[in-house]
Amino acid sequence: MRQEMLRRYISFGLLAALVLAFSLTSEFFFTSNNIYNLLRESSIVGILAIGITMTIITGGNDLSCGALLGLDAMVISRLLYVNEANVWIAITAALAVSLLGGLFNGFLVAILRIPDFIATLSSKFVFSGLTLMFAIRSATGMITTKTLSDPTIKWFGGKLDFGLYYVTIAFFALAILSQFLLKNTRLGVHTYAIGSNRNSAELSGISYIKTKFAAFVMSGFCAFVGSLFFLGKIRAADTESGIGMEFQAISAAVIGGCAFTGGRGDVVGTVIGVLFLKVLENGVLKFNLSTEMQKVLTGSVIVIMLVFDAAYNKYMQAKTSKSAVIAREKREKKVGAQ
Amino acid sequence: MKGKNLSVAQLLYKYRQLLILAALCIFFAAALPGMFFTMSNFRSILYSMSLYGLMICGATFPVLLGGIDRTVGAVAALSGAICCMIIVNSGYTNQGVVLGILAGVGVGMLSGIIHGVIVAHFDIPAFLLTLATSQVIYGLVQVTTGKELIVVMKPALFTDIGAKRILEIPVPVYVLLICFIVAYFLLNHSTYGRRIYSVGGNREASKLSGINVKRTTITAYMMSGMMAAIAGIVLSSMNQQALSYAADGYENDVLAAIVVGGVSLRGGAGTLQGAIFGSLLIGMLNNGLRLMGVESIYHNFIKGIIIIAAVAADMYSSYQMSGLKHRGGKKHPHKQAAGENQ
Amino acid sequence: MMHNPENLVEMRGIDKRFAHVYALKSVDFEIRRGEVHSLLGENGAGKSTLIKVLTGVYPKDGGEIYFDGKPVEINSRDDAFNLGIACIFQELSLVPTLTVAQNIMLGKEKAKLGVLQKKSMNREVSELIKRFDFPLRAEDVVETLSVAQRQMVEILKALSTNASLIIMDEPTASLSSKESEMLFRIIGQLREKGVSILYISHRLEEVFQLSDRITVLRDGQLVGVVPKEEIVPADVIRMMIGKELSEATASRPLKVSDAHTVLQVRNLTRLGSFEDVSFEVKAGEVLVLAGLVGSGRTEVLRSVYGADPIDSGTVLFEGKPYRHSVSTAIRLGFGLIPEDRRTQGFAPLLSGTRNVAVTNYDKLSRLGVVNAKKEKQLGETMVKLVDLRPANPTVPVGNLSGGNQQKVVLGKWLTRDLKVILIDEPTVGIDVGAKDEIYNFIEQLAARGVAVLLVSSDVAEVLRVATRILVMRNGKVVHEFNDGVVTQENILLVSSGMAEDHRTEAKE
Amino acid sequence: MKKIIALMLIMLLAFSFAACGGSDNGGGSGSDGSQAEGIFRDPKKNPYSDELKIAWIPSDAPAANCVAWGAGIERELSYWSNVTFNTFDGERDAEKQSSIIQDLIVQEYDAIILQPYVSSTVAVAVEDAEAAGIPVICINIDADSPHSALVAMTDYEAGYAIGVEMAESVGGEGNFVVIQATPGATRGENLEEGFQAAIANYPGITILDEQTGEWNSEKANAVMTDFLTKYDSIDGVFCHNDQMAEGAATAVQTAGRLGEMSIWGANGEAKALEYIEQGLMTGTVYTDCYDQGATAARLAMMFIGGNLDTSQFTQTLQIKMPPIVVTSENVASITEDMRW
């Protein structure tokens, strides 16, 4: 536990260092407007990342959640624009689509036994295919995108008087809730158990199928919440909305301490990971850099961060393993003396 | 029990990927009489999958080690750019072409070595590392090309790589064939391949058996970089240009083909021919759907469903076959991978 | 059928098939209330299958199960759990990233509306730990614990269910003898409380120390049920394997070999692991590093092999120092059978041939090209050399039984021109027959002039093979048994630090 | 070329006054007094002396046309030593562009030149930028919300012109195929609509097939190869950009059916012009991207220094760059310095 905490402090420290570096070098970085904007940018990816964290902890992955977000957004747009449906009906429909999407992933992984990576990659094709099929068509049959003007949708893009966006509130609320879910509920412990050691979890009577389904449905739900705020912000859904966002979300989760082998990481780590990525992305825009240097810098900082983290971890492990041996020896001595 | 007298079920299982391809072929051949099942169409399928195939021949190595290389697209763009720059600067001479190809491949290998060193020395998730570095490499491509579109329409030595046909077969297909044979040979008949499977199967045991795990890892990424670089050169020759965002997103298709082909992302299980099967499956679907005149917007959906069906059939047969293990019969390593991946 | 009211569990005519092969064939089995019942048999005899049928992991193909005199259907682990059957499995079945408390309460968490009551669970687990006086804390994360500690968690987990039957599958496999004794005390306590124990172990002396009755299986069929008092170990072994084994000696004469020194270790130190370790191994000698789990023996072995760094000291091979790396060591003729074969010994997905060939490619290849024919031959040679079962080198090693897996790991080295073999706990979790085969290999190797350095916590094993014995405690060599006759008691006393003047005792 | 620009600026001024008027009329529902004050404001900065920051957000920075636009903008802005110019890559991601705009608002940029990837997905961000007093000038593709100005390449007209050229070349009778943009991309949508409108006038023309080439040369090559397998007679192929047309041309050449059909792209990038010279491609629609970029830059400077409050616009000012249909006949008239 102590080592986990240490890792947490390190990743938090790296984030703080990055914030400090940008604050010192750019007058625009540490301004309230930028902070709110930054948080807003982080929030949609962050909401997706929360869902992905659940699936990664079960030892899986969800490459489809970005496409699912896009599908939800498209469903809402189409219902509002083409069918002129009531906004709440549209939102309910999107929720249903999301949950079905999560169940579909769960079905592929838990029932058909397809490995998570291939299963969600395929369902990414399926969801993005559905998005294309749902897309709004112009009179000549060409796919087009339309801006929505519905006040409810606009509300989702709104903010509090002092500048904090609703989406950020939703993000943090969801983060706190899911952290609680992971750490303090039966389902949460089962999620870790399935990811960490599936066999023993099943021997303890935990259902692999139920836990997997729960994780994917959570991920689907996060995609749904994300899609609402995505629409609030962009007010239009295009055929590629959300696609590719999953990679950012996965990166955030992994930076935050999730391991693909499962059983590790939590939502707090993922939130730090998201903020790290977005602070970097946001900060890099503040310098007068050419686009290629922006890319090089962003990538390099991530690589340096990874290497630093790994090297430090290696060092700590070497250190703690030695102290563990000493502690064990003491214990043996005690047992021997009895 | 000797490995030779396999039952019908085991034979079917062994060649299940070919069976899936055959089923798809029969379907398309029936739906598209006189169009799908022709020499020229197979030529075009092979031609359009040759780039992916080339990348797969390399990217399978790190996946077999339990790693992943998402930089293949970026490396292809970089090697193409460097190759084209050298050809342009040499005044479109044949020596320039040779030099350009060597430099392009060299840069690819260098990039692979760098990734290999980082992955081998630090316990970094390769997925994230290569995601970040591919951004860096694309940035470098833009620096290299100065964001210009570099057009190379001569000499013939260069443009022939992508366009010429020898005995009615396009050159990229030959390049793919050669690279496939090299990679296949390395993986199946060389001590290096044995080491790859061993390290992917159990890193610690391999280390204790005297395998230099770091060197194996570095060379695996080097192979990946090299093949991606060759693909990049073929790509730039096909298009007669170096584009700074060339092959963007190819890594996703390449990895999809590899996993669809049954290579376990945990390493140690799966075959190169399986991975090539994956890309043939996807290539054939693209081709068949287009020939059937299915509107583009339905392609993704249909592809997703068919991949699910193919993989589910694979999983189901593995599951059924696992009942045979108590007979001590010959087992395909992939089946285990399926089980392990649950 | 008459039911004996004393019986807690009765299994009648149990059948279990895997793809037409009988794993169990009409087996009758019963456990009385409050008895310790041992189930014996070689690997593959059907012990694990029987337990899995009893705990609902496998559905049975025929027969009936009675619990408390009533016929029951056990179709899932939940069914078994609800009846009061708890199980400690052979392969540690803990969740490494969860805490001790979370593991113990796994699947039966206390929760209100799905929200965990962490405090009350931690308190309950702490009390449980205190009751048995285990060196554990409820909040420890399992992956930070030693193997022995994990075993304790496993036991607590089974105890926490208030089960009426606890199944223990090789519970002492990775415990030191002190810890084992503690476990035996607990088993005694449980028996007094009326809990039935189904005890499975390859260590016959434990079985005889603990059991009330013994059931022996062979080839999926029942051989017999006997009260402990009416039988001697040799009979049990005969029942298990159908042939007589030489009785494991209670003592062993040692002697210093006059062959040339192969391996010389001088003042070897690795901070935090071991300090100032010196010894020599001569050709044909079996030098055993005895001691408790965690006394630094494994680390010495790995350092000599070049797998772990050393901080000071020297290692000489045939009088000369060598580069500190695994590949150099292998080239010189070293071999290692590692401690945990699952994580360090073999690649489970690869065939026996491929696993064995890994250390032999210098001979199987030219210019990096593998000679497939030679490789295949090697596989077949290995099968014969180690008597692998099934005798098929193409089966993935992960599908073999523990004993056969260990044979494959051994096979990696047998075809090489070995000079030194380092062996670490070679028989953990292996049945008696296979154990004996492995001892024979060790003896054969020694007879060929190979210097053997063996780490073992099993005192009977030490006495079975050793020509000399070093005892380590807390990272230091505390005693050397060079000549004379050594007994189990000698070694145990020195290992645990209870005998201060070991030399005189040893030389008795 | 310079003359055209001068003419355009005059047109623009005329437009802007018209727009102001329009806005006044359109905003009749509000209070008249505030409206009149609303449309005019004091210039925030002096474009000749104050430090200025102008951003260029292409949909895909490394693409040839985006590079050319950028170069045009940069060339124009280099006359002003007080202007800092910077490029931000939209990475072919509709949401990314919107995020960048939001960030530039925070950074208090003075003007934004934008080439939207999808019109609708940048609308909100453009609205926010205008509300923050940052004039947004779009290049090529309009944003869905009213903003300062659009310097359009007139894709609809280009598509229409290509349709007419292709149909006329086969005498109104023939079979065409289309290799489309990535579904949903606004530019492809506009080109396609124009093309379809033109073809509708020729009942003898059949469009055999339409598939996406995802803007990408080698993918278009594969698509075209399949078309060639499928159809024995194709009289013309229209691709939504030059990259795809080049790929299609290579496929047709490899199949040895080059003389059979006309191959059209759209953009007018240097390589396509070279293909036309070599007879591999039939034609494309050329736009002087340098000029287009420069025009956008000039507009930006004008709005910064002007007294128009562009956020009050209810309609976007439009400058249309004339589409020049390029075939082997007139390709030589596009000189080296105009090529990009």
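Order of writing sets the chain letters: A, B, C and D. Residues in each chain are counted from 1.
Everything below uses one rule, namely that a contact is a pair of C-beta atoms (placed from the backbone, for glycine too) under 8 Å apart; a residue touches a chain by one contact, two chains touch by 3 or more.
These numbers were taken from a predicted model, which means no experiment stands behind them.
S.K.: Which neighbours do chain A and chain B have in common?
M.R.: C, D
S.K.: If you tally the C-beta contacts, which comes out ahead, B-D or B-C?
M.R.: B-C
S.K.: With centres defined as the mean C-alpha position, give me the chain C-chain D separation in Å.
M.R.: Distance between chain centres: 73 Å.
S.K.: List the centre-to-centre spacing of chain A and chain D in whole Å, with centres computed as mean CA coordinates.
M.R.: So the centroids are 35 Å from each other.
S.K.: Nearest whole angstrom, what separates the Cα centre of chain B from the Cα centre of chain C?
M.R.: Roughly 43 Å, centre to centre.
S.K.: Counting only residues that touch at least 2 other chains, which ones in chain B make the list?
M.R.: 142, 147, 296-297
S.K.: Which residues belonging to chain A are in contact with no fewer than two other chains?
M.R.: Counting only residues that touch two or more other chains, chain A contributes 132, 135, 143, 291, 294-295.
S.K.: Show the residues in chain C shared as contacts by 2 or more other chains, in ascending order.
M.R.: None at all.
S.K.: Applying that definition of touch, give me each pair of chains that meets it.
M.R.: The list of touching pairs comes to A-B, A-C, A-D, B-C, B-D.
S.K.: Where on chain B does chain C make contact in their complex?
M.R.: 1, 3, 189-195, 197-198, 200-202, 204-212, 268-269, 323-328, 330-331, 333, 336-337, 340
S.K.: Flag every residue of chain B that touches chain D in the complex, lowest number first.
M.R.: 35, 38, 40-41, 44, 47-48, 51, 142, 145, 147-149, 151, 153, 162-163, 165, 170, 235, 238-241, 243-245, 286-287, 290-291, 293, 295-297
S.K.: Given the complex with chain B, which residues does chain D contribute to the contact?
M.R.: So the residues of chain D in touch with chain B come to 60-64, 67, 180, 183, 209-212, 217-218, 221-223, 225-227, 229-230, 243, 246-247, 250, 253-254, 269-271, 274, 278.
S.K.: Quick check: in the complex, which residue numbers of chain C touch chain A?
M.R.: Within the complex, chain C contacts chain A at residues 57, 77-78, 81, 87, 89, 91-99, 102, 106-109, 111, 114-116, 118, 135, 139-141, 144, 146, 176, 178-179, 271-273, 292, 294-296, 473-475, 496-498.
S.K.: Considering only the defined contacts, which chain B positions touch chain A in the complex?
M.R.: Answer in residue numbers: 118, 122-125, 127-129, 131-140, 142-143, 147, 256, 259-260, 264-265, 296-305, 307-308, 311-312, 315-316, 319, 338, 341-342.
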